[in-house]
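The letters A, B and C name the chains in turn, as written, and every chain counts its residues from 1.
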Amino acid sequence: MMRGRLATALQAPSVLALGAWMLVPLSMTLFFSFQRYNLLYPERSGLAGFSNYEFFWTDPAFGPALANTLLLVGSLLVVTVVLGLALALLVERAFWGRGVVRVLLVSPFFIMPTVNALVWKNMFMNPVYGLFAVAAGWFGAEPVDWLAEAPLLSLIIMLSWQWTPFAFLIFITALQSLDAEQAEAARVDGAGYWSRFRFLTLPHLARPIAIVVMIQSIFHLSIFAEIFVTTGGGPGYDSTNLAFMIFSQALLQFDAGVASAGGVFAIILANIVAIFLIRMIGRSLVV
Amino acid sequence: MKNNTGKQMLAATVSSLLAIAPVTGAFADLTIATVNNGHMIEMQKLTKHFEDKTGIKVNWVTLEEGVLRQRVTTDISTKGGQFDIMTIGMYEAPIWGAKGWLEELDFGAAYDVDDILPAMRGGLSADGKLYAAPFYGESSMIMYRKDLVDRAGMEMPDNPSWGHVRDVAAAIHNPPNVYGVCLRGKPGWGDNMAFITTVANSFGARWFDEEWKPQLDSPAWNHAVSFYVDLLGTYGPPGSSSNSFNEILALYNEGKCGMWIDATIAASFITDPKQSKVADKIAFAQSPIAVTKRGANWLWAWALAVPAGTKQAADAKRFIEWATSKEYIELVAENNGWGSVPTGTRSSTYANRNFLQAASFADAELKAILSADPSNSTLDPTPYTGVQFASIPEFQAIGVEAGKQMSAALAGNISVEEALANAQNAADREMRKAGYY
Amino acid sequence: MGLVYFFPILWMFLTSLKTELQAIAIPPLLFFEPTFENFTLIQERSDYFKHALNSVATSFGGTAIAMALAIPAAYAMATAPGRWTKDLLLWMLSTKMLPAVGVLMPIYLIVQKLGLLDTRLALAVIFAMVNLPIVVWMLFSYFREIPAEVVEASRIDCRRTRDTIRHVVVPLGWGGIASTALLSVVLCWNEAFWSINLTAADAGTLAALVASFSSPEGLFWAKVSAVSVLACAPIMVLGWFCQKQLVQGLTFGAVK
């Protein structure tokens, strides 16, 4: 096998680059998190001890934000994986116009997050002139005030629309490589659709699912553009997540000290989630 | 082909790296950060007149309001030096000016600084020095559907009480065709809190007492917010808790709002037949009052300022002098007609007969602007200036938090008492953190 | 079904062809006389092509940097996993979880001290760093699918590792590399936070262009739809163009 030193040398550039990217800002973040540092008061500096952490920790938004963050990540993972898998299985079979359907299904992934949020908020979810409200009107139903009554659900809808294509793309490519002969043999053996799915397809998809879950959870832990554009974290704290809370500290309130403390919290949370995920799915990923 | 992939990749890498090499621009250019509102877009178009006259080239960075505020605040507080001119609001100008972050603006006699409306000039100055020149200004007022009010057999006096506004809303409320009143509800210190603060002012409330203690738990705030939640909840459109200026504008122009109390600048949009289905059915009145007239309508200006330490301070000031001058207003009038000039800054604009003819809302707007006094905006005395905000750096944080609470109360998730108690706590935390007491 | 899923994009496109008044009509208009005034207005107000060029340069530049760093690393991790490989991978991923806004101040200060504010270089480097963990992960998983015997055999033929990478790993893993690169380009293209905060007049990308049309005072739905169509079209066309190839090339374990 390859000599250890060579392997190290090949990995070194990206490890070093990431190390610099990670350590410099991270150490600065850590440093700021112990400082009094409000952008609007640059002259009021000095050691703050743990007070930034205390302010972040005791912020009434902290509890809801933590819960919302985990809820968002969890439900988005479930929805996108299930939906992506279902779509991939549907589209996998050859039919007329499959290429077009695939293109249509993949497209939302190429839309910018802010645009996605603007489109959904104004053109679909607005209870007066949105398309959903108009559709509700046809059936004589009361229009739903999506962003006020179900802010998290609204966000989940927008985000799943955007991210299901990602899962779909990965799954469909994985399905193409499923050994057709094996599947045929299983069918000849009398295995039904579900048992083939259960014992053949699903194990084959273990690794792609793991990748989708890992990559998506990274992105979903730090959602904020969609929240900023649609609900502004409200009503109350109903759609505030940790990333939005940090954003609001850093760029709405300009308190870099508390925001840095929040950043440290977010990193800790992210690592907990990562370790948890690795435990759950890591085996199919790294083995 | 496969053997070539390596080379192809290398070539792609090299060419991309070349493409991202720093672009070296001419250093004499002015870079201006501004908001993407209509008047600024017009300024961008007309800048060629300035460029032709002076030979100074101007680059624009145009962003939406919230993003712009983040961008310029980050830059000025880190001395980033990205911009020679920043567009800032009446909230930032005095705070930044007092900190020495902005260059003092002092123009020649031809500029006629005394022509600038006193409220605007005062709101953009600190210690008597002007730090930002107003580009356009606004107050708030009632914009109502005269046809609906008449049909309901109601009257709208020029200075109605909140109780009367509620009666009118009830009389014209006819969902889903038209909703009695549309008001801001989206959380944000410049969104729902700007409006709610004017309501609170007119109910006799204030943000802080003379010792800087937050007053959100006072009875006056409770009355004001209870009234607001009840009014908008009963006679407002669904979705109000995520509505701000633009969302309501869309509703209004579609004929869905019977009344709207918001920025006077809206008048120019809703009376424009190209954008509005109800352009010819609108009349104006001054903001409603409850127990006092003070602070019932807000005052805001978008202004141009020069960050301290820019290398092109002289050129930058020349540009500001041009863009906020009487001549500029005339230039816009020449190009687009008097109906589209930037308003709310100069007395001379409102003395111009052409303007008064072109703008049906001119009288109401001027009256609103003249009646707003940032230094005397509450019934009880306060240590701060500002009508719909308190001009201290902490206010943004407090306003953002309070805004979320009010939106939760509006959505019915929590009671008004809870919302105000939470907001009071947040304000208290923030003031303690900043060391006021 | 595909159409239902695509509908929001279609609707955005339709809206971009409406006037502002038509865009907010109740009930929404399905049939109307299309106008291109929004598109001409955008080009009039700001230079679309300059922003598009910046987007192309930073996305592809950032991707190139990330790939150049990641291919050797992922190759080494996949073919010669050591005791620390798993931890290293996890660590790389955790760097990605640092919320961007939390490090805005440090990065802004550093970039400013280097005199690189408002340059495409700074943006490309940051894009590369932001996407590096994901790129390494994706490549790692693709490279692991290349059978060890093939690599082993080739190592005897090509003495130097560089040649192995160039002649064996890259061609065999081409599908994986291409799809990873596409993913990275898409992510860079749609990145809005850094591209708005670190640029001004020169290096603004399409994300910054969108920000300059979204939420002004006044009606803007038709205009913002138009600018969104312009901003998303290139990457979407690229995606469409590539995806057929991708679906074939991306097959896990195709070389088995």
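Note that a residue touches a chain if its C-beta (ideal position, glycine included) is under 8 Å from a C-beta of that chain, and two chains touch if they have at least 3 such contacts.
Computed from a prediction, not measured in an experiment: that's the story for all the values here.
Undergrad: Is the chain-to-chain touch network here best called a line, a ring, a star, complete, or other?
TA: Contact map by chain: complete.
Undergrad: Consider the two chain pairs B-C and A-C; indicate the one with the greater count of contacting C-beta pairs.
TA: Comparing A-C with B-C, the pair joined by more C-beta contacts is A-C.
Undergrad: So how far apart, in whole Å, are chain A and chain B when each is placed at the average of its C-alpha atoms?
TA: 34
Undergrad: I'd like the Å distance between the centres of chain A and chain C, where a centre is the mean of that chain's Cα atoms.
TA: 16
Undergrad: Could you please state the distance in Å, as a whole number, between where the Cα atoms of chain B are centred and where those of chain C are centred?
TA: Chain B and chain C have C-alpha centres separated by 35 Å.
Undergrad: Two-or-more-chain contact residues of chain B, please, as numbers and ranges.
TA: Counting only residues that touch two or more other chains, chain B contributes 66, 70, 74, 78, 250, 254, 256.
Undergrad: Spell out, as numbers or ranges, the residues of chain A touching 2 or more other chains.
TA: Only 39, 122, 128-129, 137, 251 qualify.
Undergrad: Out of chain C, which residues touch more than one other chain, so two or more?
TA: Residues 24-26, 104-105, 109, 211, 214, 221 of chain C each touch two or more of the other chains.
Undergrad: Flag every residue of chain A that touches chain B in the complex, lowest number first.
TA: Against chain B, the touching part of chain A is residues 38-42, 51, 55, 58-61, 121-122, 126-129, 137, 143, 145-149, 228, 230-238, 240, 248, 251-255.
Undergrad: Show which residues of chain C lie in contact with chain B when the two form their complex.
TA: Residue positions touching the partner: 19-21, 24-26, 45-46, 56-58, 60-61, 63-65, 67-68, 104-105, 108-109, 112, 116-121, 123-124, 166-167, 170-171, 174, 196-197, 200-204, 208, 211-221.
Undergrad: Could you please specify the touching residues of chain B with respect to chain C in the complex?
TA: 2-3, 5-6, 9, 12-13, 16-17, 19-23, 25, 29, 31, 33, 35-38, 41, 44-45, 59-67, 70-71, 74, 78, 80-83, 245-246, 249-250, 253-254, 256, 263, 265, 269, 274-277
Undergrad: Touching residues of chain B toward chain A in the complex: what are they?
TA: Touch residues, chain B against chain A: 66, 70, 73-74, 77-78, 95, 176, 186-188, 191, 237-242, 247, 250-251, 254, 256, 393, 396-397, 400, 403-405, 407-408, 410-411, 413-414, 422, 425-426, 429, 433-434.
Undergrad: Which residues, counting only chain A, touch chain C once they are in their complex?
TA: 1-2, 4, 6-8, 10-11, 13-15, 17-18, 21-22, 24-26, 28-29, 32, 37, 39, 90, 99-115, 118-120, 122-124, 128-129, 131, 134, 137, 161, 169-170, 172-174, 176-177, 207-208, 211, 214-215, 218, 221-222, 224-225, 242-243, 246-247, 250-251, 256, 259-260, 262-263, 266-267, 270-271, 273-275, 278, 282, 285-286
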